[in-house]
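Input: structures, listed below.
In the two complexes that follow, chain A is the common piece, with chain B as its partner first and chain C second.
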Partner chain A sequence: MADYSTTQTPEAIEKKGFRRTLDDWYEKFNKFLIKIKFDKWKGWVYLAPCIILLLIFTGWPILNTLRMAFLEGYDTMLELGGEPFQFGIGNFTKVIQYRGFKDCLVNTMLLCVLTVPISTFLALLISVCLNAIGPLSRTLQTIYFLPYVTNSIAIGMVFAAMFNMVGTAFGGENELIVTAGIINNVIEFFGGTKINWINEGSSYWANIFVMVVYIVWNALPFKILILLGGLQSVNKQYYDAAKIDATPKWRVFTRITVPLLSPMIAYVVITGFIGGFKEYSSIVGIFGDDMGPTGDPRRLNTMVGFNYRFIAEEQGRASAAALILFAIIFVVTMINLYVSKKKTHF
Partner chain B sequence: MKVVLQNLTKIFPSRSKKPGEEVVAVNDFTFEIPDGQLIGLLGPSGCGKSTTLYMISGLQEPTSGKIFFGDDDVTDLSPENRGVGLVFQNYALYPHMTVKQNILFPLQNLRGADRLTKEEMLERAYEAARLVQIDNLMDRKPSELSGGQQQRVAIARALVKMPRVLLLDEPLSNLDARLRLQTREEIRRIQKETKITTVFVTHDQEEAMSISDMIVVMKLGVVQQIGVPQNVYDDPSNLFVAKFLGTPPINVFEGHVKEGTLYLGGKMETEEVYEETKIPEVAEGEEAIPVTETKTRIVTTYEGGQPVLSVPGVADGPVTIGIRPEGFVVDPEGPMVCNLQNVEVMGRDVSVVSTHEASLNPTIRSIVDADSAIQLGAEHIRYSLKRHKVHLFDAETEERIYFEV
Partner chain C sequence: MTEQFDNQNASLEAETTPVQEEIVPVADEAVMEDALDADAVMAARDLDRVRKTQRVMKIISTALIYVFLIFVAIVIIFPFYWMLISSVKSLEEYRLSVPTLFPKRILLSNYVEAFNTANLGRLFLNTMYVGIVSTIASLVITVLSAFAFARLEFKGRDALFGVLLATMMIPGELFTITNYQTVFYFGWMNTFTVLIVPFLVSVFYIYLLKQNFMQIPNELYLAAKVDGTTDLKYLWKVMIPLSFPTLISITILKMMGAWNSYVWPNLVTSSDEYRLITNGLRNAFVESTGDVNIPIQMAAVAMVSAPLFLVFIFLRKYIMKGVSRSGIKG
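Showing the complex of A and B:
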């Protein structure tokens, strides 16, 4: 800096003055920061924008849901009109007394219990196979990942096309079928009789079967992604050791691969259950807004679907239903965590 | 069970498919490991020790050559069917199983006639555990064990199925110095008790020398020398082996032999001016005019130096000289004069650090008798040499030049 004194052009002098004010400001600012102990707080300051947004868009709605659920017959419009509501658990009892409630609960549980184990097991097999093959594994990984980046309603429509029969008077005398759907074509090709999967007059279990296939297929990519990541981080030497120990393939899978992957498997199962309890759009994708085959609307209604029906009219009951769903998910997750803590190895 | 390696070669192909970039990890390894012996496979990092071991175990396939267990050709046998026990460099214990489950695991894999009952399995597992003295740790997980204990579990797991051959890949490299000493004794004891043919890989020459019946010294995939440790030490076949074995390491000098006398140093490099005539390339029909250039080159001649030993029968010429630290005898009249630097007393022995202009190492370290009359603080120290501790090597090929001891 000694050079300044010898070569002082007018600009330099001006710059120096400018610099000095800047430096002064900077120093003052620093002193201020020290005074308010900024170091201690700066983490919070940096987080503030995010936290504020979270509070507005997540925190407040949650609190409000709690509030609405415990106010008898709550309605925003009436509240704005100044009407008071009484505290009580009436919303909950009403929700449970709904005719559809039990069915929704059963449907949701059934789909969860069927799809989570199946999809987890399949994902495990597929990721082990993907991990084992050298060439093509990149391409196949991409293919398996496709459902993940595809809109679930769109997939639902494709599935509907696979299972849908187009025509009239199924099973009747003047049956007229334009197409029985791809799946039925395949079944008939192999000499089976076609099944009414999702159309009018289809059976409940046929519907459930379609939903299970669809949900499992839809759930695979995420699970494969997680499990494959887990597999790729498993030390290859365990497999060498297993080879030296003359371990049969199946035993390698059950005694080495699965235990070493158990944290990932637990994660995939828990998130699978949480997602399963929120099943909704997949059913809309195949059965449409009615959530059931023609002639039997809401047959496949789920907890979330049940909730959506209330939101417009009965905010108090919808809130109560949401809390019930939350409680169920919470309990199931706790059970999952408890079991996985006993079964996982790390 | 003797193990025979016949022209065993492993070539890892290059990634870019360019020839010449491939790695010859093991080159034409032929050796018959006698039944029940412990063989130390020794060499610097990357010389192909692990690759050799993996080929014996079957985890890697040889590019060419054959492997026999006894009289059976096992070259194409998968590792499952070879019945070897392998202790990995980092043990590879199954982290989710207890020690007991780890040791039981190979037994539970047995099928058919070899299948044991549950009680027999437990008995065998405990027997193996007792052998390596971990029978009190059976219910712990590997993460709850010290490195030495883990290593012993790995040995027990390898031993429990009574392997035909036991392979150990640098099993002691993760242990501290004391534990290493203790465990290598243990490995020796276990091997003696079980009499299983064992191959032990290490890059620590002291370790290999102390427990092996025979050692194999490798360098860049090529076997340099095979023999009983003491013989290899006393009689190295080339400079690499001589340098690799022994602590402190052998002292290396440059020198030459003239008329049956070994001289240290005496190497002279002179610049010589010479003329070179070249006929340039020209097009057809033209006349080529020779061009003469004046160039210089370095010429090495040997003249003088310090005569230290008579080596009758050795041809004149430059040699590299290796002298073991214990090959020096302090002798006021001795022919070898060194600049004394430092004297370290280590109880029974005295270690003398000195320098010599012909030395290829910065310092010379010699181990001499404590009673030797060393004049501390003197500028020079004089030595005479023990003939059988002095090895001569060809200065170019580094192969041993023998002379009469």
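Showing the complex of A and C:
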């Protein structure tokens, strides 16, 4: 049985007294809040952690990047040493003249221009087919989503293993190949000759091909998800009308499906370009931190990779490069928006 | 009479089956010719034939679609399959000139070796720690901010929200340079703080949750106010339960982000003590000669990928919902 007498110990009474003072304080606090009209600005209190963090890690970087980019030869260490910098556009000209820069730009553009249309078209085709079938559709949909839930570096290593040749002196006289890699095995099975995809002495276009395959494979899930979602919300009446008119399938696709899906297609293309210009970790996944086959490091370097190389030392150039990247993404997005406004039907 | 009936039937058929549009005019022609001949038997036979071809065409096209889709599914799955079977092969078997599609002998010792080589245990704990702490803190901040934007009235609210949305356009790479300086200046290099704090606020998640909060009728809030419920209690008892699916989506995406982050940890940490799993994975097996022990490497990759797949299997709905609204990876 509970011993009720204990509730009357001096300790408990004291606690009650403590409670009372706490309540008093709470009341006083509430009055204080009313007095200072807390309701009018309490939103700022709720937002305080968010705003403080954003000011430090988003607001300041924006201003500081502009500042660093326009100070000639800016370097944090020198600045801490008290060295003054002059205002100018030297960082930009240096970045553009840098011999690696053009390659990075070309690589990035090339990967964008190749992967975005291919992955969008494939995703559209797959979505339309998925939408046309009944059984198995959900299972297939789940399978197609799998590449999304992966670590792009980890699976990049799997792709590298699939394309990797083990041996020495590829293409030379003393060529010794231990394994050619599963992709080459498949090619040889169908009567082709093996290709040096990513190893020492491989050609640039073989590298690009591997990257395109990997990036498209990686980009499909998101695009299928969006396009299929769009297809499922399309009004069935359009298709019924087309059936009554006995419209050929291809025309139904180009005249009904694509126009009705155009907002989703535009969305997928725009996000694809933005992601494409920031391509980095998929290349690290396949080629490692060197971003190129052995013997030719940085061959596949991209804009983002270019940027990261300067971060530790020459922040002025890194900032200029980041601003150039931002400008490119901005312009491409604007062009995309402009085109899609003209072409989309909403 | 029968002809007309058949004719109607034919056009009905054309309406209901989507695949054989080209055939339909032929059917009409045939029917009309036969009507002129007034040979009912012939017409019926023709129609039968046409319907049969239509059915066959439909079956063929459906079969083609399935063949295509299954082919794509195989292409999508193949890397995962290759990763799994390579991870249990011995190095000798992996290097056979004619590869085996199924391992002759399953070698689980690769996993043990990979675990030790890449120091995966430590990296796994690091990643879990960073993921959990940053997710919880980020959820608190996101909920409070979204609540303020969705429900509270104060001066400058909409302007502030507009500014936040505008920052979403800027690529994150632009912030990295200054953030690198900032954390260096704060003395945060090689700590967990540096991996957590800079990414606590995500404008996109605030936006997502704000939209969700806005759908909850304001009357509920006012009623709670009349009853003397405090804001925080209302938030906890009403808003959070009602927007639970969005919160789960945010949680998963945030955890996946920690699991997949590579660039930032690579910049600001230099020892395994604070590195995350992806860094360890890529750097532990880097060998330029092409002479990597791929089975062991694949075992490590499989171990790193496994948690993501488990999460996906159990929480597919939330992931797909979250992703379809965001379009961001990690």
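Quick note on the criterion: the second predicted complex is superposed on the first by the 294 of 346 C-alpha atoms of A that agree within 3 Å, B and C clash if a C-alpha of one lies under 4 Å from a C-alpha of the other, contacts with A are read in each partner's own complex, and residues count from 1 in each chain.
We take it that a contact is a pair of C-beta atoms (placed from the backbone, for glycine too) under 8 Å apart; a residue touches a chain by one contact, two chains touch by 3 or more.
None of the values given here were measured: they were computed from a predicted structure.
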Quiz item: Is A:G17 touching the first partner chain B, the second partner chain C, both, or neither of them?
Solution: neither
Quiz item: Quick one: chain B or chain C, who's touching more of chain A?
Solution: C
Exercise. Check whether A:G192 is in contact with chain B, with chain C, with both or with neither, and answer first, second, both or neither.
Key: neither
Practice problem: Would you check which partner chain A:M162 touches, where first means chain B only, second means chain C only, and both and neither mean what they say? | Solution: second
Practice problem: Would you check which partner chain A:P117 touches, where first means chain B only, second means chain C only, and both and neither mean what they say? | Solution: neither
Quiz prompt | Partner chain(s) touched by A:G88 [first = chain B, second = chain C, both, neither] | solution = neither
Quiz item: Once the shared chain is lined up, is A:T247 touching chain B (first), chain C (second), both, or neither of them?
Solution: both
Exercise. Enumerate the residues of chain A that count as touching chain B in its complex and touching chain C in the other.
Key: 240, 243-244, 246-248
Practice problem: Would you mind writing out the residues of chain B in touch with chain A in their complex? | Solution: 57-59, 78-81, 83-86, 88, 90, 92, 94-97, 105-106, 108-111, 157-158, 161
Quiz item: Hey, which residues of chain A end up touching chain C in the complex?
Solution: 40-44, 46-47, 49-51, 53-54, 56-58, 60-62, 64-65, 68, 76, 125-126, 129-130, 132-133, 136, 140, 142-155, 157-159, 161-162, 164-167, 178-180, 182, 185, 199-200, 217, 220, 222, 225-226, 229, 239-240, 243-244, 246-249, 267, 271, 274-275, 277-278, 280-281, 284-285, 288-290, 294, 304, 307-308, 311-312, 315, 318-319, 322-323, 325-326, 329-330, 333
Quiz prompt | List of chain A residues in touch with chain B within their complex | solution = 235, 237-238, 240-241, 243-248, 251, 255-256, 259-260, 262, 345-346
Quiz item: Where on chain C is chain A touching in the complex?
Solution: 14-16, 18-19, 21-22, 24-25, 62, 65-66, 68-70, 72-73, 75-77, 79-80, 82-83, 86, 94-99, 140-142, 144-145, 147-149, 152-155, 157, 160, 164, 167, 169-171, 173-182, 184, 197-201, 203, 206, 231, 256, 259-260, 262-263, 267, 278, 281-283, 285-286, 288-292, 294, 297-298, 301, 304-305, 308-309, 311-312, 316, 319-320, 323-324, 327, 329
